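This is the structure, below, for whatever I ask next.
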């Protein structure tokens, strides 16, 4: 028989690869996310448009179905799977993702800041960049699963159903889908992280995000009206995004103009987007410090 | 023996103000105390060694590795227990410690094993599945300690580890620190204002003042020297006792409530003091040889570096 | 003379030194009229809904420094809040220097409270914080400025006073709060862990300050976890646990009262066997244990006074060479362990 005394033992095992260690942050970032039932429910619901999209594609390619339901022939508004279809789908999905990220995104960093756990994390072999990257990947993964992944699936499904040539003539759309999605991911992700770094209380951080996306346009509209220009739209990053997407998906100029989607030139819209990302990164840099120095 | 921490002209500035002024020194101890008045640069030194502040000039080495060049590697070898609250409130104890251990490089399963071990070791075994937000102050302190040691670092920085703990919890913490120091090959650096805690755990201290090193002192050696002073606590007519002792030829200083310090010259034995006590029906309730306690060392270090600054 | 009530120990008068002792409330009222010089709690209980703050507390606190000791959650903060009139008891009566806490304008003038909370108005400087509090007391500008300077000097914070509190270190903030508590020259000073965050020199200075204030005739009540400091500065102590007052009075006397635990005294000497055999001959010695390294004896005795006098004789007559004499449990720490320590295993 032996008596084992419990005492401190040093660690003598291997360590994980340093390069991918920031993924630990991503893993743990996900863990708390789906504990909330409403969130999980909303997440699942956001796949409904995908299912509808699949149904529409089948519908468009099935003459029998159409005859059954006595729908008119193909046209720009009904039944045809074209650039409007994908643009609309992506837009809907981007709204869902916006809702979800505004809801749960801020908790990613706010939880670490609320009780001063950041020095513990930064005192380990993790740099600030890796920290932000790890957290960003959580948002990026979530939004990817909602945006470009299902869009691409629909694209390939349609390509499969259309048959010859369709995919080559619409090959440009692959790039557009990816660029549009990643631009959206960057904006939503960075703004969410910046808001959660700036306000430790996650409810307030969510409110800040909403304010950024919706109050800004209010000012923009005010500027437009009082100064009689269109440049106020630069403050409305959602508008800028829409504008860029409209261009990416090659919506004809006439339609765009009819929808008032040409208020500012394209480069200005890109500036607006880039500015938002830069501002967020700046705020993150200011806020994520292991130690604050208060000067007298 | 290679130094644990070596300071090589380390200078740290905040804006134009020089907070650490070209520190030079070597620390070898198993358990090192970091002492100094408020504003001496103690926390700044700690934070610089952890890699949170960059040196303006000069450098420091931990286990021979430069803190600038090998910052990342060092952070894997170091554990840190901050002074203020540090936790993530909606994680359970186990989850939190495991998370921290994984960030330090442990593989997931090992991290889980070590997390449980660490939490049991510090005494949080029963509450490890509860969320950190529900822990009491003492439990949070112990959780901080658990995350500092779980990944088996070679050097642990403890910043005011007994802060806010009630006496039983403090005793427990001191005991843990001593065990950690003695087991394994871990070195400990304790920064504290409570000299008694430092005295009980540390074998070497570095004292800072105004951004300079006021002294590096090996406590083990100090404790072996200096047996000429006696510390007494009497009960009875302490004044007349003290007078009689002084008449014998010993220096004697009274501190109220029967406490006094006596310098015994070579020629006089303790028995003579007891004779005086017996004559006057005075009880000698406490008697021990006094070695220069940490308090004296500290005060001396403060005084040597010019006149005392008073505030701050 | 003493009276024990159930598991609580009370100690009463008859002491050699001049500091008055804590006596049961009823007796205090008989001896000093209406208790104008004491803080009296008579059968006080405080509940927060179902949660117990303190239960059936009876205290009569004289001038001088009183140490308040106990684990976290034992009711110390509740007790202090009751004394300063910030909360009212659910049962019982509180009287501070004859003033009831139902008359706050009068009470707050005589009471200073330095709580544990470390918050300040935004943008305040050290000076403005104290100054504004004094103005709230109704003092005019001149008086307030003068008293502010005085308070700052007393805690040694004159130099950084005009800087913002947000930039202070923890110890500096502690000192400013202390200054604010003493600025209006209160007669009762209640301090919750006032040494928290102070460096060793500041601690020593603060201890001196408290002792000086105690001698000036103030009632200084200090709560602390650092028991050797409580030992050093207090004239009397109150020990609390789980909402009850477990003991009160001077430490030596409280210790003698705790009869279940005979006094333990550690003696290191040249001939432990001789010492052991000699002390065994005494009635009051309960146990004599040779300590681990064989160079001393741990004696447990019911009568410490008799033992020490005996020791004198042994050294003189039997030529016993002593190295160390140390009471192993005659301080706040040990009393704490005996009366409180065993109850609270959890952290």
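Note that the chains are named A, B and C in the order they appear, and that numbering of residues resets to 1 at the start of each chain.
As a working rule, a contact is a pair of C-beta atoms (placed from the backbone, for glycine too) under 8 Å apart; a residue touches a chain by one contact, two chains touch by 3 or more.
Computed from a predicted structure; not experimentally measured.
A.B. asks: Using CA atom means as chain centres, which chain is nearest the centre of all the protein shown?
C.D. replies: B
A.B. asks: Farthest chain from subunit C, going by mean C-alpha coordinates, please.
C.D. replies: A
A.B. asks: Please tell me the distance, in whole Å, between the geometric centres of subunit A and subunit B computed from their C-alpha atoms.
C.D. replies: The mean C-alpha positions of subunit A and subunit B differ by 49 Å.
A.B. asks: Would you kindly tell me how far, in whole Å, the mean C-alpha position of subunit C lies from that of subunit A?
C.D. replies: That gives a centre separation of 60 Å.
A.B. asks: Rounded to the nearest whole Å, what is the centre-to-centre distance of subunit B and subunit C, using the mean of the C-alpha atoms as each centre?
C.D. replies: 25
A.B. asks: Would you please write down the residue numbers of subunit B that are in contact with two or more other chains?
C.D. replies: Not one residue of subunit B touches more than one other chain, so the list is empty.
A.B. asks: In subunit C, which residues are in touch with two or more of the other chains?
C.D. replies: 160
A.B. asks: At which residue positions does subunit A touch at least two other chains?
C.D. replies: 295
A.B. asks: Which of the residues in subunit B end up touching subunit A in this complex?
C.D. replies: Those in contact with subunit A are residues 14-15, 47, 50-53, 72-73, 75-76, 78, 80, 82, 84-91, 99-100, 102-107, 110, 114, 117, 120-121, 132, 147, 149, 151-152, 179-180, 183-186.
A.B. asks: Which residues of subunit C touch subunit B in the complex?
C.D. replies: 69-73, 156-160, 169-172, 196-203, 225-228, 304-305, 308-309, 311-313, 315-316, 319, 321-327, 330, 333, 336-337, 341, 344, 346-347
A.B. asks: In the complex of these two chains, what residues of subunit B are touching subunit C?
C.D. replies: Touch residues, subunit B against subunit C: 35-39, 123-124, 126, 136-139, 142, 163-170, 172, 193-196, 235, 269-271, 274-275, 277-278, 281-289, 295, 298-299, 302, 308, 310-312.
A.B. asks: For the complex, which residues does subunit A have touching subunit B?
C.D. replies: 6-16, 18, 21, 24-25, 28, 32, 111-112, 114-117, 119-127, 290-291, 293, 295
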